[in-house]
Each structure stands twice: as structure tokens, then as C-alpha cells.
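First chain written, first letter: the chains are A, B, C and D, and each begins at residue 1.
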Amino acid sequence: MDARSTQAQPALSIEHIAVHFGGLVAISDMSFVVNEGEVVSLIGPNGAGKTTAFNVITGFLRPTQGEVRYRGSSLNNLKPHEVTSLGLARTFQRTSVFQSVSVFENVMIGLHRRGRSRLWDTLLALPRERESERELRARAAEILALVGIERRSRELAGSLAYGDQRLLGVALALAADPSMLLLDEPVSGMNATETARFMHLLDCLRGLGVTILLVEHDMPMVMGVSDRIVVLNYGRIIAEGPPAAIQGNPEVIRAYLGQGAKKRARD
Amino acid sequence: MINMLILGSTYALLGIGLTLIFGIMRVVNFAHGELYAFGAYFVYFIAVLLGFNFFLSLLISIVAGGILGALIEVILLRPMRGADIDTTMLIMIGAMIVMQNTEQYIWGGVAKSVSTPFPEMPLVIGPFSVSWLRLFVFFAALALIAAAYFLINRTKLGKAMRATFQDRDTASLMGVNIQAIYMATFAIGSSLAAAAGALLGPVYVVSPQMGNIASLKAFAIVILGGLGSIGGATIGGFILAFAEEMGAGYVSSGYRDAMGFLLIIAVLLFKPTGLFARSERIG
Amino acid sequence: MAKHTDFFTTLAATALLSAGLVGQAGAQTIKIGVNEPLTGPFAASGTYVVNGAKIAADEINAKGGVLGKKIELIIEDNKSNPTEAAAVAEKLITADKVPVMMGAWGSSLTLAVMPKLMEYKVPMVVETSSSGKITTSGNPYIFRISPPSAVEAAAFKNILPKMSVKKADFLVINNDWGRGSAEDFGKVLKADNVQVGLVETMDQSAQDMSAQLSKIKATDSDTIMVTTAVEQLTLLLKQATALGIKKQIITTGGSQNPDQLIDQAGVAANGTFHLTTFAPWYPDDTPNPAATKYFLAEWKKRGFNFAGATESFRGYDGIRTIAVAIEKAGKAEPEAITNALWQTELMGLNGKIKFEKQGPAGKESGQSMPNVYLIKIDNAKVILPKL
Amino acid sequence: MKRFLPWIALLALTSVPMWLKDPYLLNAFVTTGIFIVAAMSLNLLLGYTGQLSLGHVAFFGIGAYTSALVSLGFDVELVGGFRVIHEPWPVWLGFIMAILVSGLCGYIVGKLSFRVRGAYFVIVTISFAEVVRLVALNWVELTQGPLALTSIPPMALGLPGLGYFEFFSKQSNFYLVLGVVALSYVIISRLVNSRIGRAMVALKENESLAVSVGIDVTRYLVLAAVVSAGIAGAAGSLYAHYLKIIDPDVFLFLYTVTMVIMVISGGKGTLAGPIVGGLIFGFIPVVARSFAAPEIQWILYGLFMILIVFVLPQGIVPAIEKWFGVGEEPGVPGAAAAKIQDAR
């Protein structure tokens, strides 16, 4: 993974993105930048367009207009798996793991892009196939150790505790060897201990130089880990800045008024 | 041209039944054609063997089709609720094999014909001629389609069915009895298939094999119209009839039945949700 | 129903104990294998043929059997499926040890069985199949009593000048039978300076032929030559009437079953002509009136509908042919029966059964040349038009 | 222990012709074996990528026709008066061509039809099979249509210096089919136990998630379709040269149903599943024939099908494994317990 180099070099830039579903405007003219090595959070009330933004960045949705660039290259016409190849990996809100496969196999699946064997190697059982598999196994063990669920590796992913499933989801994303991670509500549904563990993991990742874009409702956590926060409401950016500035922003407070009760619900 | 409309109306009946079942229950009903055959055999049984009035026999077989459908739902599908689509599909294929061979066991392989009170000489208007029976079938089918529409759009049951189609969990939360809705759906779908069989049995002949082709055609219709769309199935029925007639008339009669399938492939490649589906997510 | 191999014996065999256990002890009867479609699309016809075969077997046994032993029919269902037809032949020959067989109705079914006959050198009497390939591909174990379409067409050549046909369209079932007929009858028509217009096909399972009929209605031909099974023919006649088609309709193939047509197609059947090989309506005019009367009486006694007689007589003739051959062979062994079949001569329900050589020299198949009749349906009655 | 099971099974099957002398049962083994090969190929699609193709018989039939036509030769006139004459080739080349042509068709169908999923995919595949059947029925010049292709030569292998070996007897056909089963087993097992197989399982489990870890879904679906179609084509070729006659009935929907039920009853997504299920459903008709009337045989077949799905929805092999507590080897999960909703 990349070393942490120049601080203010933009990694991901969102330029005038708009998304319309039929007549419905999900995002109108959104622009922001995530710099290399930064942890940025994207927050906002339900329906503000956070997950839509994620889907646009990772190629699951085509924007109606605007452009997404990562390290200088446009992501606009790429398919999701091609976006991943560029080093952007994401997690999902709800189902984030392959349920009926073992934890270890989950990570092996995640390591897909790192495999070196070709079809013929596999069919003819050439040495390269075995070598490649050995490397992948070693790497999978490393990643599981990093997120701290190595002791669960033989269990079925679907039988894991909720918090561990979220961690496995991150492990899966990490397996794609990303230079940037997009996490969609990673701690929703976690208890306090699990959340604390997760925040520690984020610190580790930051230490490894991974750029992180986070969508999250858990405010204490957002305030605790973010370098900068982008606030969305009704598909547009209403505020942007370091946590301290966002906390006191009157427009943000207004947007969140009355939303408190529903905060936890999915958008 | 007239023939096309008549064919189309019965195709639509078949299609509506199948699309209801798929849309609401997510069951790919391979036994649909067998319910069609059941309707035809039932008419044969009570009209020819028991000597009932022809029109009364039609009504009774439609009801009987519904009852059989309800039984199939309770015995075969209810225990497998929540199973994936492949599993229920296999069960219905099994049911298809059992039903078809039971028909043959009971009635033998020789085709039966149902006599009707209509005159055999056709109605001739200018250059066109059409048999009275077919004319009756056309209007009866239209009436049944209208009844199905009324049921779905204007009754409480229909409302609950539509709610279940939109979102099963929410409907269930709103107090819709999902078990009952499923049973009703399968029964209605089955009775529409039986109705198509009861109407066409006298036009054609009644044989154990008649269900095979009916199932395939029903699938074609439903895909054309978009899975789960009733209006689509109606129009799909007419489109299929049109394509077949055109295919036989202008391409080659050998490829007549290929028309429907080519149409399916074309539609799915260019508009995967069918021609008239509400935007429904695939996956 | 058919006599089946003992369940437990076969179970044991399938449980892979030993094949030796399967062998049947003691030859108290002479077995004849019958390989017919009893389920699937051809079930109706196959069942008719089997019923005819049973009448023949009972008649022969009532008269003391063959070579002093009773004959026993081992009837198996080939499910209207070529793979199964071959498997059934394998079973009949190897497990039931039948020295001779009858089958397999459809041409593709018979063709699938043929390699097995070569393999085990067991003869088979073919009772229905019409494909030319059956007797021309060099299989010396094939003895066919049904006429291939070429034979039927040749017989039609003599009738044709007496009918008024100037231009004919064809509407045939899309299988070997229909396509073969269209080809062979087409040749005969052209040779007689009759124009051949459209050749339309219909799928085996098709129920609505209106499109094809509309197309034919629009041509300037005066006659429609039709080849298909009776169910489809019924629909076709009804639909032709509904469309107001006034052309002369002649059907070929000999399994049209005029009674079923009269019964089910009603007035639509009036005025149609049919080429058939068996005329049960006028037993006295058939080649073998005594046998015809016996057969029809027996058919009726067993509660089968009269209409089935035109299909089932083939099964009756087939078994009688086999019985005569076994008697002539003097022993129930495949090779002896094969040789005896060449010498077999009897009067069947539709004419003399005697096998002529067909196919490549040295490995010819046997083909019998039955009579062909032209009948007409007039006012719901079958008549033999005097032409 | 588990590692040796396939070898033990292979050894046991190798011995069959040595003590089973009943040609009828041996014949049942050969035809069952041919359908097992086809079922194994279907399992690759259905069990590992989760795509149910109910038109699989199309590839089987295309293989059968290709192999038969290559070894028999043909002479057709294409559109525009272009005439193609093909002289008969050795039979083993027909076998290879069958695999290639079926594989190519798998590629085309895969490319086109993997735009849709679920019930839509099922129906596209059925339609494809029906269209192919109708072409085989109506393109009389090439396929002889309903007149059937007859006198298809038996499978033969020409080894330089060693002479020419024809698979004529039942025993030799048994070993031929067994060999193809074993080879298909090896190919499929290597494939599914590799990173390619993991990618397939991933996209069956959760397509969006699979995509997000960088798996090119279409690529792997198409790859599975190509391999699967190729193996089905091989099975079709075996069928043509064993039965020695084919007609458009090789495209019977019932054959697809047979393959599917073999896979499901044995256990989809397990390597041994199609073999176990295949042996059971291959021999049900043989056993049923001995005691039941024809229609009853079918009714039993259908009932047994329903029963298996009711009692063992996961299939026999996973049930046995659970019973004996044998875990599946990594990379080969049992049939998925729950369908997972799209994450979007």
C-alpha cells in the first residue's frame, strides 16, 4: 500500500455530479475532493443522497452529468469491477459478506484480483496455479489478522456476530488491495465495544496510508475519526470542513432538526 | 386477422394467469399448461360424459380449475414457502409430469372432442368467414379478461394482491393475510388457465399433450408483456398471436412456433423487463 | 397390461448382484417383443397397435399357439423417445430373450432400434413407420408391412387420372412421414402433369392451422393433399370449413381413421377423400374378409372404439406375420425366424403380406406391398367411390 | 479419507463391466453416464454460478448434430448460392468439433443472455433451445430435419502407429463414457477449486459484492457458459455415436429436466452431486419399468422428483456429508441456504 506522501494531493475528485432518476433529483451538482491519506466523512439526513454518491463513485450508477476522477483518471465509463481495479474498494450497508462461504474463503474471494494464475494454469494444474494459491492464502491470513477476526476464519460468514460481519466486510474490501476505501455505514448496528474496535481499525488503516471516504450516522465516531466532513442535504452539499466547524454550522443543525429519531434508519 | 384476435384473446387468458402467479408468488409455474389441459378435460367429462349443458360445464370447469389450483398451492407450494425460485420451479415441473400422465392414465392417449351447441357452418360476412364457436370463444375470453381486471383493480382482494405484489413484507405488516393471498392468487391463475382450456378444448381436441405447448406459449406471452404485468400479458397474448400468424403466413409454416421464441429473445435483449413492465429491478 | 419382468428380479439386478439371476427359466412360451409408444405424443396410436397385437396373440393361442407353445407378448413402452426405443430393444433382446420383435411405430423410433438389430441379429417386423430409410439403409433384420409413402404414391398413380386434379397444394405434418409423403406424392403428381403449388408444414403439436390454411385458400389450386395423424386432421378439416375452403381434400398415410373424423369433425369431413390401406367398413371388399370380420368383432367385443381399428390392424397383422414365420422356421430362434420371414406369405387385413427385397445388395430389408384404397366421406358415411 | 473417495468411486465403476454381463443394464449405465456428463456441465452453471439454464439441452443437441454431421459429411447451400460441401472426417475430430461448436454457442448465448437473470434467464434459455430445435427440424438440407441423421458411425480413436479403435461394444462404450465423466470431473473440480471457481461462487452469492471486489461478472459467467456448453457438447457427441441416429428429438425439454433433476437431487454446487443424482434418476426408469404400467412409471418419476425436493432441498450429497459430519472442501460451499438480496 502507498506510503503516506504529500498531504494535500487530491486522490478522489467529484466534479459537478448530478443524478436524476426520471424526474427525481437524487443529487444536484455535487463537488468535493478527498485528498491522499485523508479520512473524509459524508453525512446528511436520510435521503440526502449519500449512498447514491457512493454508487456513482464506484461505478454502480452512471451520473446524469459531471465527472468522477481518481488519481487523475476519469471513472465515468468504467464498470464497477474496473473501478475496483484502480484501487477503490467499497463496503455495503446491508449485506457486506458472502454468507454461505467460510470467513477465510470470503477473503480469498476478495483477493481475486491478486491471483496470477490463468485459465490454462488452473485446468492443467501447472505450478503457477499452486504458487499463486499459496501466496493468496498467506495474504488472506494477514488480512484477517489485521482486522482481528483470524480466529473465526473457519466459520461460515453468515454465522458470525454482526460486528464481526462488518469487520469481514472491511477485510473483503481490503483484500482488493485498495489505495482508497469507501465505507458505507460501517458501524451501524454495532455496540459500543465493537464501534471502539472499529475505530481502532480505521486508525491502523490510516497508518497504512489508505485514503478513506466514510458514510456514517454515528456522530461521535464521525467527529472522532474524520479529517474533514462533507454534509449533504436534498442532493446538494450544504457544508464542508473540519469536524469542529461542522458541529457549529447552523445550516447543518437545521437540516438535522427533526431527523434525530430517524437517524438510524437506512436511507 | 379475425382468427388472430380469437387466438390472442385465449393466449391472453393463459398469460394473465401465469403472470399473476409469478408476479405475486415468484413461482415459475410449469404446471400452468396442465391446468389448461385440466380445464379442457373437465369440460369433456361433464359436458360429454355426464351430459351437462355446455355453458354450465364451462362455468363448472373454471371453478374446478380454481379448486385444483388452491389444492396445489396448499399441498405443494405452501410447505416450500421461502425456498428459492429454482426449487419451486422443479416442484412445478414434477407436478406437470404427474398431472399429464394422470390425464393419460385416466382418459387414454386418444384425443377427445367436445361437441357444442353451435352450428358447424361458419358465419360468412363478405370475404370473411368465422365459426360461431370461435366467435363465442372470443367474447367469452374478453369477458373473462374484463372480470380479471375488475377483480384485480376494483375489489378488496385485488387490492391486497396488488399490495403483496409491490412489497410482500409491507403488505403483511399492513395486515394482509399473505397465506390467503397466495392461495387466492394461485387459484385465480389456475382458473384462468382452466378457462382457456375449457374454451379452446371444444375448438380443438382434448389430449394429454395439449398442456406442453400451452405452457411454453404462456411463458412467451408473459415475457413479452413483462413478468407480473397484467396489462402486459393481455397485450402480449395478442402480439404472440400476431407474430405467429405473420410468421406462418410470410416466413414458413415450419417456423411458426419459433416466432414466439425469437420474439422473447429479441425483447429480452433489447428491453429486458418486457415491453410493458413497470420498472422492476432484475436480480 | 404387459407382462413385466419380476420386480424383485430386476431390483436385484439393478442392485448389481449378478446378471445371471435375471435369466428366465424354461421356455414354456414363445416370446415376441413389442416395442411401442404408450406414453408421450404417440401414445394413442401405440396403444391401438398394441391392442391389435393382443387380439392376434389371443386368436393364435386359442387355436393352439405356434409350434405347440403359446405365444407371449412382452410389451414395452418406448415413451415416444428414440433413446428409450433403443433401450427397450436392448431389454427385450437381452433380458427377455425374445427371438423376434415388432415395433416401433414412428420412424425415428424404428431407426433408433435398428443398430440393436444388427448388433444382436434379431429380426423386427415394422408395422407403421413410413420412412424410406428404414428399408434402404442395409439392415437385413427389418421386415416392413406398412407402405412407405413411395409405395402409397405409386398406388395413387393409378387412381389419379380418374380424379379431377389440376393443381395441388400440400399441407403435411413436419416429420419424416409428412415430408416423405409430400416428396413422393409430389413426384407422382408432376409425372401426371398436375401442378404442385405450396408445400406447407405444421408442427406435430400444432392445434391451429388457420395460418397455413389461409395461405392455401388464396392459391389457385383445386386440391389439398394432406398428410398427418387423425387428431390434427380433425382440427384441420374443421378449420378449413370455418375458413370457407371449398377445395378438394385428399389425405394420405392410411391412419386417418375416417370414423373418428366423422365423429369429431362432423360436416367438415364431408366430401373429403382418403387413401387408406385397410377398409373395415366393407369387410367383404377387403382381401381377407374372414379375418377382417373376426378382427372387427373381437375389437368391438373388447370395448375399443371402432375408430381405432384403422391403426390397430397393423398390430394384428404384424403379430400374425411373426407367428407364421415362427411356424415356418420350426424353432423360436432369431436366425431361423429371419430366414423364414423371407418365405412367409399370408393374407393380411390389407392384402397379401410377402416381403420383397429392398436396399443394398447382400443386406436387403424386407418390404411388403399392401393394397391402397381411396375412400370418400359422404354424408357422414364412408363410401368406396367407384372411379 | 475424503480425498480418496473419487478414486474409490472410479475404481468401483471401472470394475462394473467385469462382473455385470447383462447388456441391458450396461446399456442403461452408458446412457445414464452420457446424461451424467451433461448434468455435470449444467451443475457448473446452476450449482456454481447460480444461473439456471433450462435450455441446456440445446448444447447437448448441437454437440450431437455437429459430431454426427462432421463424421457423416454434408452438402448445403447457404444464402446467396454459397455452397458448403464437407467430406466425412474421422469420428474423433467430430467429437472435438462438437466441443468447440457447442462452446462457441455457449459463448454467444452467454454474451447475449447474461444481461438478464433469474426467471428471465431461464426463459431466454428455454427459448434458445426451442429455436435451435426448430432450426434442426426445418433446415432439412443440413440436418435432414425429421428424417433423422442415420448410420452415424461409432466413436473411434485413431492412434498413430497403434491403429484405429472403434467403440462398438457396450463395454468399450462404458469405458469411453466413464473416461469422459472422469475428465469432466477433473476439469470442473480444478475450475471450481481455483480462483475462477471462487469468483463464480461469489457472484452467485452476492453479485454486487463480487463486483465490488473487482470480479468481472460477465467474464466469469461467460466462461462458465463456454466450459459448460463444451462439456454438454461432448456428451451430445457421445450420445450421437452411441445411439447412431439423431433427430430433432435430441432437443426434448424432458432431457433438460432430466439433467436439472440429476443436479438438484444429487446436490447442486457439489462435485459428486450430479453423479449420485444421475445414477439415481438414470435407473429409476429401469426399475420402474419392471413393475409399473407406462403412465405410472412417469407418475412415479414426477412424484419422486417432488419428494426429493421436499425432503432434501439441498440434495443427497450435502445431506450425507452433514450426516457423517464431513465438511465440504474449501471453495465448494453446499447449496446456498438463502438467496441474498441485492445490496443496492
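Please note the rule applied: a contact is a pair of C-beta atoms (placed from the backbone, for glycine too) under 8 Å apart; a residue touches a chain by one contact, two chains touch by 3 or more.
Because the structure is a prediction, the values reported are computed rather than measured.
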Labels of chains that are neighbours to chain B and to chain C: D
Farthest-lying chain, centroid of Cα atoms versus that of chain C: A
Inter-centroid spacing, chain B versus chain A (mean Cα positions, whole Å): 48
Gap in Å, rounded to a whole number, between the CA centres of chain D and chain C: 35
Intercentroid distance (Cα basis), chain D paired with chain B, Å: 32
Averaged-CA centre spacing for the pair chain D and chain A, given as whole angstrom: 41
Overlap residues in chain C, where contacts from two or more other chains coincide: 38-39, 174, 201
Where chain B touches two or more other chains, by residue: 101, 104, 212, 252, 254, 257
Every chain pair in contact, whichever chains are involved: A-D, B-C, B-D, C-D
Residues of chain C defined as touching chain D within the complex: 1, 4-7, 9-11, 13-14, 16, 18-20, 22, 38-39, 76-77, 79, 81-84, 86-87, 90-91, 93-95, 107-108, 111-112, 114-115, 131, 133, 137, 174-180, 201
Chain D - residues contacting chain A, complex: 187, 190-191, 194-196, 198-199, 201-202, 205-206, 208-217, 223, 330-331, 333-334, 336-338, 340-341, 343-344
Chain D-facing residues of chain A, complex: 55, 58, 60, 79-82, 84-85, 89-102, 104-105, 108-113, 115, 117, 119, 122-123, 125, 129, 132-133, 136, 158, 172-173, 175-176
In the complex with chain C, residue positions of chain B that touch it: 3, 7, 101, 104, 108-111, 113, 115, 120-122, 124, 129-131, 134, 200, 204-205, 207-210, 212-213, 244-245, 248-249, 252-254, 256-257
Of chain D, residues touching chain C in the complex: 16, 19-25, 27-28, 31, 137-138, 140, 145-148, 150-151, 239, 243-247, 249, 252, 254, 283, 285-287, 289-295, 297-298
